[in-house]
Structure formats: C-alpha cells, structure tokens
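Next up: the structures, one after another.
In the two assemblies presented below, subunit A is common to both, partnered first by subunit B and then by subunit C.
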Partner chain A sequence: MTDSIYDQLNAYGTVAKQRFVENFSGNVLDTDRWDFSPILSGTQAMADEVDGGLLMSTTATNSSESYIDFADKKQFSNTGSVMIAVMKHGSTTGGESYTGLQSGYKQGNGQGAWSYVNDGWKGSVFNFQTADGSSNTWIQTGCVASDTNCHTHKIELTSSAGSLQIDGTTTVTSTTTLPQTRLQPSVGINTTTSTNRTLNIRYMECYNT
Partner chain B sequence: MAYKQHFIEWFSGKQIPSYWYLSQVGGSGSTFVGKDEVDGGMVMISGTGANNNSWWGFNAKNQYAHDGFVQIAVWRLDPTSNGHTYNNAQCGMSAQTNDTGANSVGWTIRKTQTYIDFRTKNGSSATDGFINTTTPVDNNFHHTKIQANSASSYDFSVDNVLSANRTTNLPQGAMSPFVKCDDSGQVPSALGIRYMECYNT
Partner chain C sequence: MAFPSVYEMTNPLTTVRKQHFWEYFSGATLNSRWAITNWNSVTGATAMADEVDGGLKLTTSGNRSAIQFNDIRPFTHAGSGSEVIWVAKKVGATADGSVGLAKNSNGFLNGGVNVNFDTNTNIDFSAFNDAGSGTTASTGQAVATALDWHVYKMTCATSNQTCSIDGVLTNSTSATMDSLMQPVALLFTASSTELHLKYCEAYNT
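Showing the complex of A and B:
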C-alpha cells in the first residue's frame, strides 16, 4: 500500500498548515509561484551544471540586484515557521547575499529573518539578521564562517526567538528585533562594486509549525 | 513495486501553476491566486455573471485509477465568498471538465446545506445526489480524503473521521483532480485550498 506524503509530514488528526517545497529544477523558474524583481539587469536562470539549481546573478554594475519572492503573498507565520534553503554564494564580498522570510520587497525593506552574508560590512560569517520594522540585528558571534561552498541554511521562528542553523550543526539564536508580521520567502543578491556576483539555490522548503 | 502516479500541490506563492486548466463553465473571469494570509494557500474565485461556475483541473488528463487511488486535500469555502445562499465549493476527482458528466466523486460545501457532503457519479449518469456527513458547513479549513479501495468500495473521511464507505454508484473510469466553485446567482463564490495530494495505490 502506498503511503501518503501528507501522513509522513503531519501528525495524525491534524489539518496541514502551509508548506511548500521548491526544487529549482527544469527549464525555467516557476514564475507562477515566484516573482522575479531585477534591478539594473540582474538575472535568474536554471544552471546547466550538476547540482546547480537556480543561478541568480547581478551584472557588473553597482547596485545591480537579482531577487525572488512570492509577490507579497505572505503565507508564513512570524511566530511559528521554518525555512530551509540549500545554496552557495559565488562570492562573499562586494555586496549582499541572503535568503529568509520577510514581509517587504527586497532585503532591508520590511521585516524578516535572513541568513545574510557580506564580508565587507558584517564580518566573514553567515550572519543571522532579523528586522522588526524599526531596527535590525545582525548576529555574528557563533556563526559559521562564510565561504563559497554549498550549505544548508535553516531559519526557525517562534513567538519568542529566531534561530539560524548552518548544515545542521551550528545554531545561533536571537530574541531581539524579531519580525512582527506574516512573511514570504525571499532570495536575493546585490553588488556594491563593479563585480558580477552570483548565487545558486537548489532547494527551499518553508512551513508553518 | 514501480512508482505509480503521485502528485502534491502546495498552493504556495503567487498563483496557480499553469498545469492546472480552467474550464469556465458559466460566467467569466475566474481567478486562482495566492492568498496574502498565514496558512491562506490559494483562493479560487468562481467569476462573475449569471450562474458563474468555474472548474479547475487537469483538462481530463485522467491519470488516476478509479479502482485504486487516494486524494487528500485541505480546503474550505473561503470566507470572502459573499455569503449568498448558493455559495458552493467542491473538491474531488472526475473524468470530466465540468460537473455534468459521469465518473466523478467529490466533497461539497454548500451554503444551502447544513452539513458538508459528498457525492459520487457512476459510469453512466449522475445517479447519486449529495450525501450528508455530520460535519457542519462553515468557513474553516477541512482535511478531506477519498480512498478508492477497489472499484466497488470507496471510503470518505472528513477531518480524519470516516464518514462513509460506499459500494454502489461509484465511478467506473479513470479520473483527475478538480476544484470547483459556483453560485447560481450572479455573485461569486470563493474556494480556499492549501494542500492536495493524489496517488494511485
């Protein structure tokens, strides 16, 4: 007898909450699900590469950006949700790279929680950034050193804390400037130099807890 | 055992994927887009005009066996339905691209009824009407499950409670998933849904 995925993901007797899995596979990004917002000709395309997933790129123009989200369909709870992403950064300097859950349009615009890297500004680690609409916090102590290898980034939000875990081992927690409103998934990269920066993402899963 | 047909729809993001097909049976302007709400999933609007009636499915690409499949869905009569007496939302499996033909099985939430009910249609005609459960009609999300144990035995459960086992007037041909809403007046109904899974057993 075939088992349902539903029964493997949900406790018996419960009604499933919002969840999705994105495999970033195929010919093109699923733009029924995702909204792509480039600045200064940033791009996204499926990578023709083993384990390449979706390749997001800036151009070699300062402030160029590549960014995807759910077009402000904010279906995930700020007090009980999880986001898991498997991704790698083509560089950790010369701009920002991030993935997380957020309320606004583009990182730094609105509330949310992100795995964030920008060695030139916030140290050579995968920061845990949170924003509550008025202030931002970048947790660096205890975070994993940033690099250009592929990692699993997991963010969990509860009513009292947020946490970032890299590769299932190192976890940092924040209890300040937590998002105060519902959220959508987001992935973005920008450049602050004349460097063409890239990001590959091959898996994302988000669910309410 | 070789892997059989199996799909999951998460109803997350901007709008319904393009592999879903709209059959606008009556009226016009049906939409199916992400809802900006925690656990909101997507919301499907029946459209406008007299007898507005929209049906979203797989355009009769019937990949699920009538004698051995499961469909699980989490859905509701969306509260943005205008409250009209004839608000009606349905979810199930059918061989058709509308609800006028044979070989169909599904759940219904209708404002004209006190309880959520289900209905089956066999291979020749709609010989069965709506069959009541004891779950009241409301605007909450419900877990519904249809399990074809065989060609002559279907189980129906709502919110994980077995409501019925039926052995007559069951579909006799392959089917595909559908969601539908309509209003026999001139005002739209809305169906909310955040999960669907179908697989052959």
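Showing the complex of A and C:
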C-alpha cells in the first residue's frame, strides 16, 4: 500500500504539477475557489438530489447565462494539461452548454478547448471546440451523440493536438486552432430562447502533464 | 505512480463517477460546504485544532449542535446504496457524539446510519428510517475507546447496513431505509466536551 496520494499520482522523484479536484458536494459552492458570473440572473446552487452535484441554470430570458471559472487565474498549460468533468446537460438545444479549459471568462471569449453542446447550431453531438484567439474549430465527425445523460468528459491538450474523450472510449482529435496561452477551468451554460436551461456538474479535475 | 488522475483512483474513465466527496478538516477554518445547526437555543461552534492530528473541533453550548450539508442530500440508500467514512474522537468522558449519514440535520439522525459514542458501556450503531424505525445495537467496542481516534465506516442500502471500526466489521443490520442522506456529525453535550473530526468521505456505490 502506498502511503501518500502524492505517490499515487506522481512518479517517484517527480515534482508534482498543478492539479485540482472539485467534488461539488455540500451546502454551497466553494466560492473561495470558484468565481461565479451570472448574466441576466443566471444561478448556481447545490442540487438536493442523488448525484446532483452543482446545478447551474439560466433564466427563461434570451441571453441569460451562468458560468464559473477561476477568476482569470490561469494555471493550466495549453501545451500539456488534462481536464476531466462529470456532467449532464438539462437540454441540448436552445443554447450552449460546455466544460473545458479557457483563457477568457467564458466559452466564446478568448482561447480554449471545450466539450460543447448546441444541437441547433453545431449538430447533435458533443462537439470538441478549440479556439486560438482568431478562429474556432468545432469537431463533430466521430463525436458521441449528445443527450441529457451524465457523462465523463476528458479533454487533453499537448503541444501538437487536443482531444476529447467521452466515457473513456470514443476519442476525437484536433490539430487546428489550438489555444496558444495559459488556461483556467470553464463550466457554463446560456440560453438563446425563452427557455430556462440547466446543467449539473458533480466532478472536475484539471492537471498539468 | 499508480494513477494519472484522482478520478481513476476510484473509477475507470469508462465508468461515470457518482457523487463522491472527501474532507480533510485542515486549514484556517471549516469550509463553507458545511453548515452548523443547533437546537434548544444552544450555540455550536467549530474551530480548527492547533495541534498535531487535531482536525476540526465541534463544540456546543448545550443540547445539541451538528455540522452537515444544510439538507442538501446527494447520497442514497437506493440501488447499491452509499458509504461513509469518518475519522473521529470525542474529548471528555461525558461527551456524547455521533457521526454518520442522515436525512435530517434536526439532531435525531433519522433516515440514515450512525455510530454513537455516549456514556453507555459500548459504542452503538444505529440504522433508522425517516420515521425513526430501525435498529440500534452495540458494536462491542467500549465507549471509552472513542476517546482515541478511530475510523468508522458505515454502509447504507435499502435493506442492509453495516458498520466497521478500524477495518473490523462490527455490525450488519437489515433495517428498511427510505431516505436520501447527507453527512452529519453531532455533539449532544456541552460541559467540557468536544467532538474532533479529522476526515470524512461519502460516496454513492
């Protein structure tokens, strides 16, 4: 038996790189860690349901948003990092839902890499979106069909490619429009209709490789 | 190095992880994921213990105070149920405390499983449904041993529950459970008593 968590995660003699784990459990979101930014009264609250994690919601107002990040503390490398999130989308249409790593304050702002859903605009799949500051790429071919079930989303960035893996099996890769700068965790949702949209996230882990 | 990620320490990536949390009770103050509740007009307080392996100290001015998730209940008896691990000790021979999972933070620990170290002979293990029906049985471990740190692990499914202390199975019960749950640590007594908590982990299985 290994005594330390450190030794479970790092080769002997290796200096650990930045890593964080969030279980989204308890009374309230840890706002010492997370910065919550609502637009048009979007909300977040711990879900009082089995395996509910954090519930993020828009209001029933077009352009309402709810998103969390690290308040622009960008500790994760665009050329060597991993993000793992367990989440479900309350709907896959009527707006955007995403989790990933970003340089800006939300998806669509700045650079990054996301597992992205917006069926009405980008097909009925969990897209792999990357942004390098001037262009965006949404990989759809080979991606898993989007749904409202809970899935494990894993994004990995290296110096030459990015990848999105769903539930440990299907993996898609992109080598274009990769982020060119440091990144922070990114979870968010918006609505482009008069529909109250939601997502639940119950786990997130990011680490540099 | 055994695992690339904390996720994979307990689940392969091909398994969608269920709700799972842990708390080391370390730092300047108790994390805001926890809430304190009080009864009978008492005042409970928490403070990090400034001592080696001190963890968190829970105190109360009377009868009784608890830390819990403010009735956010992500853990279930249904299916294969859930498990909880507490590393705890009481300070003061007259201290009466409990740790476990419960539906309510109302001080009665109904709708869940708990160990209770009071002033009786032995530590007890209880499994109660929301109405308070169920079982209480001795773990066979002297209550005086609760003055030292021990690991209390409990499992809770709809028709079977277990308790282990320091890795040794002490109880298996078959109460009929009906409630979603949150972790709860409860101190009943005020006079020169404390409940110390060093670790809590809870997860759906």
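Simple rule for what comes next: the second predicted complex is superposed on the first by the 207 of 209 C-alpha atoms of A that agree within 3 Å, B and C clash if a C-alpha of one lies under 4 Å from a C-alpha of the other, contacts with A are read in each partner's own complex, and residues count from 1 in each chain.
Quick note on the criterion: contacts are C-beta pairs under 8 Å (C-beta built on N, C-alpha and C of every residue); 3 or more make two chains touch, one makes a residue touch a chain.
For clarity, every value in this text was computed on a predicted model and none was experimentally measured.
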item	value
Combined model on subunit A where subunit B meets subunit C, clash or fit	clash
First (subunit B), second (subunit C), both or neither touched by A:Gly13	first
Touched partner set for A:Asn62, first subunit B, second subunit C, both or neither	neither
Subunit B versus subunit C as contact partner of A:Thr173, first or second or both or neither	neither
Which of subunit B and subunit C A:Gly53 touches, first, second, both or neither	second
Touching partner for A:Val21 - first (subunit B), second (subunit C), both, neither	both
First, second, both or neither for A:Gln75, with subunit B first and subunit C second	first
Residue contacts with subunit A in the superposition, subunit B compared against subunit C	C
Partner chain(s) touched by A:Asp30 [first = subunit B, second = subunit C, both, neither]	both
Contacts of A:Gln140 with subunit B and subunit C, given as first, second, both or neither	neither
Touched partner set for A:Lys154, first subunit B, second subunit C, both or neither	second
Residue range of subunit B overlapping subunit C upon superposition on chain A, of 43-51, 61-69 or 115-123	61-69
Contacts on subunit A seen with subunit B and repeated with subunit C across the two complexes	2, 5, 12, 14, 19, 21, 30-32
Subunit A-touching residues of subunit B, taken from the complex the two chains share	4, 6, 8, 10, 12-18, 33-41, 70, 72, 74, 141-143, 159-160, 194-195, 197, 199-201
Parts of subunit A lying in touch with subunit B, wherever the complex brings them together	1-2, 4-6, 12-21, 30-35, 70-77, 182, 206, 208
Parts of subunit C lying in touch with subunit A, wherever the complex brings them together	1-7, 9, 12-22, 31-35, 69-76, 78, 180, 202, 204
Residue ranges of subunit A in contact with subunit C within the complex	2, 5, 7-12, 14, 19, 21, 23, 25-28, 30-32, 46-53, 82, 84, 86, 150-152, 154, 165, 167-169, 202-203, 205, 207
